[in-house]
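Next, two complexes with subunit A in common: one pairs it with subunit B, the other with subunit C.
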Partner chain A sequence: MSAAAIRVQGLSKRFGSRVVMNDLDIDFAAGQFTVVLGPSGCGKSTLLRSIAGLEEADRGTVHIGGADVTRTPPQHRGCAMVFQNYALYPHMSVSDNIGYALKLAGLDRKERERRIGEAAELLGLGALLDRRPAQLSGGQRQRVAIGRAIARRQRVLLFDEPLSNLDAKLRQEMRIELRRLHDEIGATTIFVTHDQTEAMTLADHIVLLNNGLVEQAGTPMALYHQPRTTFVAGFIGTPPMNLLTARHEGHDIVVDGGGCFPAAIKANSSAAVMIGIRPEAIDLDDPRGMAAVVEAAEDLGSHRVIYARIGQQRVLVTYSGTRTYVRGETLRLSFSSQAICCFDAISGERIEPYSTRPASFLAEGCQP
Partner chain B sequence: MKSSARFHGHWIPLALGLPQLVLIALFFYWPTLKAFWWSLHLVCPFGNCSTFVGLGNYTRELTDSSFYAALRTTALFAAFGVSLSIAVALFLAAMVELHRRTGGLFRYLLIWPYAVAGSVLGVILKVAASPSIGPLGYLNTLWPGFWQPYLNGTQSMLMVVFAFAWTQIPFNFIVFVAALRAIPAEYLAAAAIDGADPVRRFIDIQLPMLKPQLFFVATINLIESFTNSFAIVDTMTQGGPGRATNILAYKIYTDGFIGLDLSGSSALSMMLMLLVFAACFVQFFVFERRARQEG
Partner chain C sequence: MVERHPLLKTTTLILLVVGLVFALGPIYLALCSASVTSRQILVHGLALLPGSHLWENLRIVMRDARIGTMLFNSCVVSLIVVTGKLALASTSAFAVVYFRSRIRHVVFWGTFVTLLLPLEVRIVPTYAVASDLFEPLRRLIAAVTGLHLSVSINLLDSYAGLSLPLMASATGTFLFRQFYLTVPTELSEAARMDGAGPIRFFIDILLPLSKANFAALGTIVFLGTWKDYMWPLVATSRPDMRTISLGIATFLPTETGQPPEWNLVMAAALIALAPPLFVMGLTQRWFVRGVTGIGK
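Let's turn to the complex of A and B:
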């Protein structure tokens, strides 16, 4: 079995007047682990079902391994899939659920039992093999659904939020297992989720969808460090990037509510910009920094998340030191200009910096 | 199930149920009791005198070879009639379900025959099966003497079985279509992903999930084949040729009203009723319970 590249071209789908996929062009490289990320209802499942052949797109084509499968029924596309709602066969035992596809594929009994045993061991289902799906918990069902998909060793693996019902510990273990499994099988994997931690940890490549459009596609680090739009900036990262409204004045960027720093971008027509800064890139007590008032602090053990306010704008700062901050206290925030992303306030698109000047710090009152 | 309305006292519910109860009592319980009473007596041909004979009528019937012949015919008729009704209805329902988009129209077209009255149907089928004027009569112009449902016992059985199936298929079809609709599409999607073509999906996914409806429909059809088959046999073959289509329900009628053996035919009715009860019992206490445990 060799992995197959998947290419989606001009895929469009509407339900009534609601456009769910709007002329999507996406390439899923062979053997790669691609995570399709996006908020609830943005069309992730619809995209996945179109690739699997379960949903007929209004327009566009799907190619798997170079072959046009747009009109191929799902049973001939060679995809394995984990459904968002599991879709386990209620009248079959767990082992029959996992073994059904193997039986259809014509594997003999011994080979089938070996594969079922393997999947069961991997997913910790050993004791449940004779049960019916109705006798399982949500998390157990989800694991059976994963087992059913991976036991087949297909060239394409489609996962629709397969970890959503697991507890935090199990989810983390499963993440690592799925990644290990992917590296072992080498199938082309498309993994749908709205959990950006899963996306960051699992993916070779992330496709971020919003409103039926690709908002940005790239490596996790590219999405993290160079978000193309404010939507991406606000979606990736826990907590996500701070977005502050600011103005472009002369050679400076002036943050609403206080503080300014030398601009490294060309002036845009509107002069209204958004600056994005990661919570962990902010320094809390730089004497030259801008004033911010602490509103609340969450202690997560390893680090703290501090909710502060610059004028009317909310800023989140993560801080791993030991000092505690209390409500009402004034912080002095500063950050390296290299850590900043600038966005057009109207279109929300990122403005590329024309220079990367070395660390010039934010200071209050840098106006001429 | 919880009742949605509560009445205090017994009078209102009793009064509301009374018309129905009176009708049932008049046309079901009373004749049944009467038949039971007759089955224990030797009754004069017009029912105006009687002597108690205990189970005598039953032993008389149970030692009569014509009883067993009728029982065999009934079993044959029921087996073929019920299987045909279920198989055809299931096939039609599966086809309609397979093409959900265009299936809607055919669903209505196939339900329609259900609204045709039994006697109208009898006449239509009688003409259709007629060896001289019906479409099947055409077979006789190809092979003279091939289609003779009123002379050939096998063919006459075929004819009544077909007619019976015709009366049952619309009902079965409605039940199957509704049940197939109720199966969540994800199961079929999952099976398609697992590599199953539509036929395999039907056998492995849809059919097992139809089990409760299959048992239910089989029971209803079986009971119909014991009882309502009378009208079909009466209009089409009158039990003939010979006794080829003389099912129990028809024998009860001929023994009682033509042979004027009211006691014997009452004993036969009681036994037929036992068969119906047995079928109901199996449906409710075996299949229903199993279906509930599995579901």
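Let's turn to the complex of A and C:
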């Protein structure tokens, strides 16, 4: 089973007046695990279904392994798919479910049984082969659905929110298992989800969609540390990046409600900007830091999430120390200017600073 | 919402018993009347208590050669109608639900509207067509080309004539359509990804899933055809093509001077009742599931 690269070009689709895919150009590298991430209604499922051939795009082309498959019916595209609601055939046993496609493909009984056995072993389904889907738990059904897809040994594996019907613990187990399966199988994998944790943990490459457009594509770390827009910053990470409104004045950025730090960015003087800072990058006990009042604190055992306010703006800080914070307490927040992302307040696009002085901390007032 | 109140419980029980009496009462009367002598009925009217002549009466009726033919005719016609109707209804519903076409709504509602035209309403034109199948076509050809064809097929007094007009069914199409709509679309998509074409999907996935619907509709259609009186009466004139529901009446005398043998009529009715009971017994489990929609 060799992997195949997938390329979609100019893919567009509208349902009535709603544009779900707006001229999408995306490359999926061969053998990579790509997660297509986005909020509901962003067009991610439509994209996946267009690649599978279940949905016909209004415009644009789909290439799999270099061949144009835009007009090819689903069964000839070399894709296998796992559906959100499993879509197992209720009247067939587990082994028949896995073997149905193989039977249709004309494989003889011996080869079919070998492949069913292999898939069952990979997914730990050996004891369940004679059961019906109705006799299985949600997690087991999902395994069967995955087994059905991998037993076909296609070049491309498509997953449409496969874990969203599972409970949190099971989802975590399946994530690790899916990643292991991918490393063993090596097929090009496209995985659609709205859950950024799944994207961060599974993906080689993330494509973040919003309103039918690619908001940002890159490695999980690139999306995490260098979000291209405020949307990406607010979507990736739990809790997500703090976004504070601020102004650009001279060579400083002044946060509304207090504090400022030196940063030279390509923006007009006194332009409104947003600064983004990860909750874990904030130091909350710096004597020179800006004042913030604690509103609430959640203790998660391993760390605490502290909800605080700078003026009118909400800030989340995660903190792994042992000290407890109570409501009304004043924190002194500071962070390295290198940990900050600046965004244009209107377009939401990231502004690259061209000179930041390293190791300068946010203080109550900026030193000249 | 189940209320547990003694008064309500009693009322429910009474209602059920009344319903049961209405349903089983006539059968009880038939059974009793079939077990007495003809004379007893003429003197006392319908028997309210069972007599001792049941086997004798049944034997007399069974010995009559006509009843075998009529039972056979009924079985053949019912089976043809059941098979045809199930095939037609399941495939037409499949087409309506799974194929995107601009005219599918027209087709579906066109089918649905035929509910307004049961056989009893269109019996005269149906008779005309059955007696000369190509009549409408011939007229059309004559009107367009001026040619007069002399082909004609008369379906009266044939199994085809007895069964074909009963076959097309909007209720059947509707029942299957409603069921297919409850089948998740992901299932058909999974089948497409697995390489199953429409026919494969229909045979491998939809048919096994709709077993209960087949049983339910099949039973209803079988019973409906079995007890149909009107169409066999119109469409048959030869005694050897009569169906059983018609045939029961042949035990009544045709000449005024002969006394009617009601006991034999009742015995014939009991015999006519047996095959539907048998079918019902066979499909009962599936029938309930199919009608209540728990067959998935």
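Basically, the second predicted complex is superposed on the first by the 355 of 368 C-alpha atoms of A that agree within 3 Å, B and C clash if a C-alpha of one lies under 4 Å from a C-alpha of the other, contacts with A are read in each partner's own complex, and residues count from 1 in each chain.
Methods note: a residue touches a chain if its C-beta (ideal position, glycine included) is under 8 Å from a C-beta of that chain, and two chains touch if they have at least 3 such contacts.
Just so it is clear, the structure is predicted and the values come from calculations on it, not from any experiment.
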item: Fit-or-clash call for subunit B and subunit C when the two complexes are aligned on subunit A; value: clash
item: Which superposed partner A:L104 touches (first subunit B, second subunit C, both, neither); value: both
item: Contacts of A:A52 with subunit B and subunit C, given as first, second, both or neither; value: both
item: First (subunit B), second (subunit C), both or neither touched by A:A339; value: neither
item: Partner chain(s) touched by A:M81 [first = subunit B, second = subunit C, both, neither]; value: both
item: Colliding stretch - subunit C into subunit B, listed as 1-9, 19-27 or 235-243; value: 235-243
item: Shared contact residues on subunit A - subunit B and subunit C; value: 52-54, 73-75, 79-81, 83, 85, 87-91, 100-101, 104-105, 148, 152
item: Subunit C residues within the subunit A interface of the complex; value: 184, 186-187, 189-196, 200, 204-205, 208-209, 296
item: Residue ranges of subunit B touching subunit A (in the complex, touch as defined); value: 184, 186-187, 189-197, 200, 204-205, 208-209, 294-295
item: List of subunit A residues in touch with subunit B within their complex; value: 49, 52-54, 73-75, 79-81, 83, 85, 87-91, 100-101, 104-105, 148, 152
item: Residues on subunit A engaged by subunit C in the complex (per definition of touch); value: 52-54, 73-75, 79-81, 83-85, 87-91, 100-101, 104-105, 148, 152
